[in-house]
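Below are two complexes that have subunit A in common, paired first with subunit B and then with subunit C.
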Partner chain A sequence: MKNGMTALASAVALGLGLSGAVQAQSDRILIGVQVPTTGSEATYGQDMYNAAELAAEELNAEGGVLGMDIELINGDSACDPQQSVNAAGNLVSRGVQGIVGGYCSGATMPTLKVYGDEGLPFVITASNSTQLIPANPGNAFMINSTGADQSKKAVDFFESQGVERLAIIDQGDSYSQDLADLTADRWESMGHEVVRETVNKGEQDFSAVVSNVRSNDVDAVFWTAYYADGGLLIRQLRQGGYRDTIAVGDGSNSPQLFEIAGGAAEGVYAFSNPTAEFLPAAASFIENYRAEYDQDPGPYAPLNYDGLKLLAWAMEKAGTTDPAAVVEALGTADGESWLTGPISFTDENTLARSNFIILEGEDGAWTYFEN
Partner chain B sequence: MPAGLTAPAPVRFNAGYGGLGMPALETFLQAIVNGLVLGSFYALIALGYTMIFGVIKLLNFAHGDVYMVGAFVGFGALSLVSGVVGAGWTGLFIAILISMVAVGFLGVIIQRVAYQPMLSAPRLSILITALAVSLVLQNGALSLTHGKYTAFRTDLGFGGFEFGRLFISHQAMVLVATAAVLMIALEFFVSRTMYGRAMRAVSIDKDMCRLMGINVNRVVAITFLIGSALAAAAGTMAGAYYGSIWYFMGFLIGLKAFTAAVIGGIGSITGAMLGGLILGMLESFGTQIPWIGSEWKDVFTFAILILVLVFKPTGLLGKSEVERM
Partner chain C sequence: MIDRLYAYFDSPRRQTILLIAIVVLMALAPLVMGRYMTTIMTNALLYVVLALGLNVVVGYAGLLDLGYAAFFAVGAYSIGILTVQFDWNFWLAIPPALVAACIAGVIIGGPTLRLRSDYLAIVTLGFGEIVRFGARNLEITGRATGLSNIPEPNFFGYVISSYVDFYYIFLLLAIVAVIASHRLYHSRLGRAWLYVRHDEDAAEAMGINRVRVKLAAYVTGSVFGAFGGIFFAANLGAISPESFSFEQSVLVLMAVILGGMGKIPGVILGAFIIILGPELLRNLGELRLLLFAVVMLLIMLLRPSGIWPERRH
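Showing the complex of A and B:
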């Protein structure tokens, strides 16, 4: 309650204080886009900003939101916690009515409090660390699947393929081991069998793993680490006469997997974030994006595009840009279909339904696999 | 399902973990096959270690990196010839030959530039020079490839013979056969030819050889030529077999081949072949022990190295000699 009061008070204060300076015209809605447009992740960040810009242009062309035009403000987080807090403070002081973005989870983390104190609606589009969940004051909504969702998707997929005994192979690092642990626990809790293997990084010969896979008679192999060694493993599995299902995690869904594994990667499945080129609904998005920016949208562009559209939708639904009302409206999102799939939220404001998609290797490239 | 890999109706055994029950025999035979493949790589590289140690008493730690360079040269050669003869077996064999010749001469250059001036220096200096050569080769490849994996593409296919659960790929068979041919040729060279005899003589007493009119420098150069060429053959075959190469690929396998040379008795050519095969088999069977698992493979290898050093420091076929440091 205290927070609510503070938020309301500061919102009023902001409204009063800044209405003269920045918000001279009340016929526009200011939205902050918090992405790293400089620094190591600038490519992805610029790409996400472009996607938000595209969404804003489309909305404005259709008459805007609540009759007002949307105007974006770039809050460059630089994938750096310090810089992102400054950027967030800047966005707040310029009177934004909502924020979309968030790429590096580490940089998103400290901004949760900044926006939370103001009670501003924050749609987190790419950051997906599970550590963001307990830090969320309630005004932020995550529309990208978290790591736990990938294991859920994987388990669903293996079930649908009639797999009984699953070999899970990781590389001993925290990322691949976490995914392997989550998947193994879930798979075992469903009454199936798991065969665990770990390979050493830099090792080229996986014959021991291959013969364990074959002698244990597994129905499917799940590789949770990265593409370089994944390519080697897939190749050796096929060379070793293994012919059942192979699936790889999102660390291995790079096109380079095909270079290394060659023909062996045909028919391999991969789990992936919703990348534009594989999204059935994204054809016109890709076309518009190319026309506007003369390049292909990157992996997180659709999420940021959805983020802005979702925020606009919530404002329309609330009938106002009042932050508390918009936050409440966001919470009621109920499986409406967006570019990256239907969005609704759990009690923790995370995406209720995994947005991971499945890809299949075909003719040396990934194609969308309808599960 | 990849093209050409239509699965036969799966035959289910009462499979238990660790190959208990019915598939035990097949698991055993499969482990032998895996061990032969690994052992062939180890033996080919171990031969270089052991020959070079034999003639100039140098542990050439750059040898694993010569293997890596061999893989890259083989890759380049295959890219060149594949336009004419394709990237199948013919192309690969031509690539192996080109790589053997080119890297053989690289070995001679390394010996002339880096080791020759150090021959009369203390043993430790030349050992450090070897480490420096290793770094030069590794970082040279790193800067040329930017540390990326290079895909070694061939058209060798994934076919093979299948007996129940035992699967032997054509690639594995050709690889082991090629390694065997190279080793038999080497054995013949060392035991029957003039230079082979000279090589054995130099390894026994260099000064005496010089007095007898043997061109010791030339014998040492030939030793480097052959040792490096064998490593290049192994590197090119490994590239084709595993499908990707990178600048660091020689490090671990170099250490393991060194282990193989020590197990067999460093300085002994037959010992290196035997040591390579034994190490390959030990790794292959060791990882089949249920509670060991494949992530313990390297621990297993180097534990064996320590045991050999403790209980039989001269290796299986090595002869103890008077230390002349």
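Showing the complex of A and C:
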């Protein structure tokens, strides 16, 4: 038992010792990366951390920020609200000058207050629940698009296609229904017509929906739910003789859609988060990422990469790491072009221009259609 | 050597002195601790409450419960629903939350009365998952995103909001939980739990109402859990289903077993180790959980019945 106690004591001492070492360096800019590097979401979390690390290395190689090197501190949120609050407290007490990350909206939510109390700039790169918006004390900036953004993107797209009567089909769950509601409201407010349909999850026969779509003579169909049922619906729509535009939401942008829908998915449009493989500007990012980590960047890597670069940009612009000045500088971000597209913010500190991209089905795979 | 130290503190008078000294130290601690230390100490105190609650079920009554997070969730969600969806006052919402937890305790206790050991563990595990999936899918619990903007409690005009306020709230809760645990242990009910734990049939033959005693254990445990959940929700201001996962149940159970089942100081120690361990190792980055696991393995190897186990009577 003496050994046990000694082991515990030395582990504690080691932990404390390391924290002391980090705090001693003041010629560096400390930035916290709050992502889940343990737990169920660790794959995405590690991936996001890698992307931030890559961005930091690039910045440091170019001479750093304000002449200082950037040093990252991992704040493991474990996708758990409690752990993320602990992580946030830890980052704050270690003197970070800004925070990048935020994955799992539920875990990001309670940390808003922690950073808000200190007034630290917080660039939220993945969490995109609209519930985060009212809870934001003003120091946090969301650079991932929300559901409202997707509906806006969809409406813009249908407008550009000259659609007048739009059929919106959801699956009755919270995610697909929200997206359908938001899109329908927006579409109607622009003076267009909406045909709403709801199908049950796991339904095999969509003939009622297909005949309704046909008899209403709609110009486009928007499927807001997931790929499994979406694939079947697309196939049956085409078999039923429907020839006009079909678009699907980001729950259906999986490559699996092609396995289910087969040839019917050719020419189908999908709205998607900016994943690296479809971003025109990300070619060198993918290459560097592969070289460094020997794997492909995941779906949120480009956003986290941008998050760190954006924070660094704001520090340069403010000419100081003073939190209030950096927060103010972040608010003035005005359309500068980043990996995931231009970033500027609304009054609520959300993306002014959604970064959703549009993909098109071609030869059994998704290809980039437009930003 | 450690055992002699424990034996020294087993005398009630010394224990009282030790406890008072600890409470005074803890009460003064926020004056010197920074934000981070205060936050994790608050967390540790929450786990003291939860672990003492589970200790009633597992340690006192000997009913292995793998779904304890469900009671915690019922408390947190009741407060969340009443204050956010129905705009109730925080303090007024506490009694209904406790009633809800009692009902949850009876619901889990009722069907499992006949079950023992492994089978009981599996059913309680299922119960924990049912509650979590329910919260994940119901409209009223905010589905997967959970509930946010839970109002900060207003105590006669004083808004409880800073992390130091919540530290004291949880310190108070932990003290109450310790006193309640202590009183329960020495009560008639506590004795009955002891007998049921050792031999159910013999206990029943001696005139102990097995059904009532077991249900009482679940209900007591769930009330402790609910208290933890209520103030957990108020502290974070937002709750989501991820907070009430199976891992949460296991973590609390680990605190009980690591510290020493049935022994109040042991359980408190266990809760502190479980929470402070990974946090103090946080600066090691990815290695922290591995190192923590090694430390726990060492503890279990060197002290198989817990750090501060109950003495056999």
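The rule is short, and it goes like this: the second predicted complex is superposed on the first by the 347 of 371 C-alpha atoms of A that agree within 3 Å, B and C clash if a C-alpha of one lies under 4 Å from a C-alpha of the other, contacts with A are read in each partner's own complex, and residues count from 1 in each chain.
In this text, a residue touches a chain if its C-beta (ideal position, glycine included) is under 8 Å from a C-beta of that chain, and two chains touch if they have at least 3 such contacts.
The structure presented is a predicted model; accordingly, all values stated were derived computationally and were not measured.
Look at A:I260: by the touch rule set out above, it reaches subunit B but stays clear of subunit C.
In the superposed model, A:K113 lies in contact with subunit C only, and not with subunit B. In the superposition on chain A, A:L72 makes contact with neither subunit B nor subunit C.
Of the two partner chains, subunit C is the only one that A:V85 touches; subunit B does not reach it. In the superposition on chain A, A:T37 makes contact with subunit C only, not with subunit B. Within the superposed three-chain model, A:A167 lies out of touch with both subunit B and subunit C [touch as defined at top]. Once chain A of one complex is fitted onto chain A of the other, the partner contacts of A:A208 are limited to subunit B, with no touch recorded for subunit C.
Residues of subunit A that lie in the contact sets of both subunit B and subunit C are absent, per the superposition on chain A.
Partner subunit A is touched in their complex by these residues of subunit C: 1-2, 34-37, 39-40, 43, 143-146, 148-149, 163, 232, 236-243, 245, 279-286, 288-289, 291, 294-295, 298-299, 301-303. For subunit B in complex with subunit A, the residues that touch the partner chain are 1-3, 5, 7, 10, 12-13, 15, 17-19, 23, 26-27, 30-31, 34, 37-38, 149, 151, 153-154, 157-158, 160, 162, 165, 167, 169, 171-172, 238, 242-244, 246, 248-249, 251-253, 283-284, 287-288, 293-295, 297-298.
Contact residues on subunit A toward subunit C in their complex (touch as defined above): 1-5, 7-8, 11-12, 14-16, 18-19, 22, 37-38, 74, 76, 79-82, 85-87, 89-90, 92-94, 104-107, 109-110, 113, 129, 131, 134-135, 174.
Interface of subunit A with subunit B (complex): residues 172, 195, 197-200, 202-212, 214-217, 228, 231-232, 235-236, 238-241, 243-244, 256, 259-264, 266-267.
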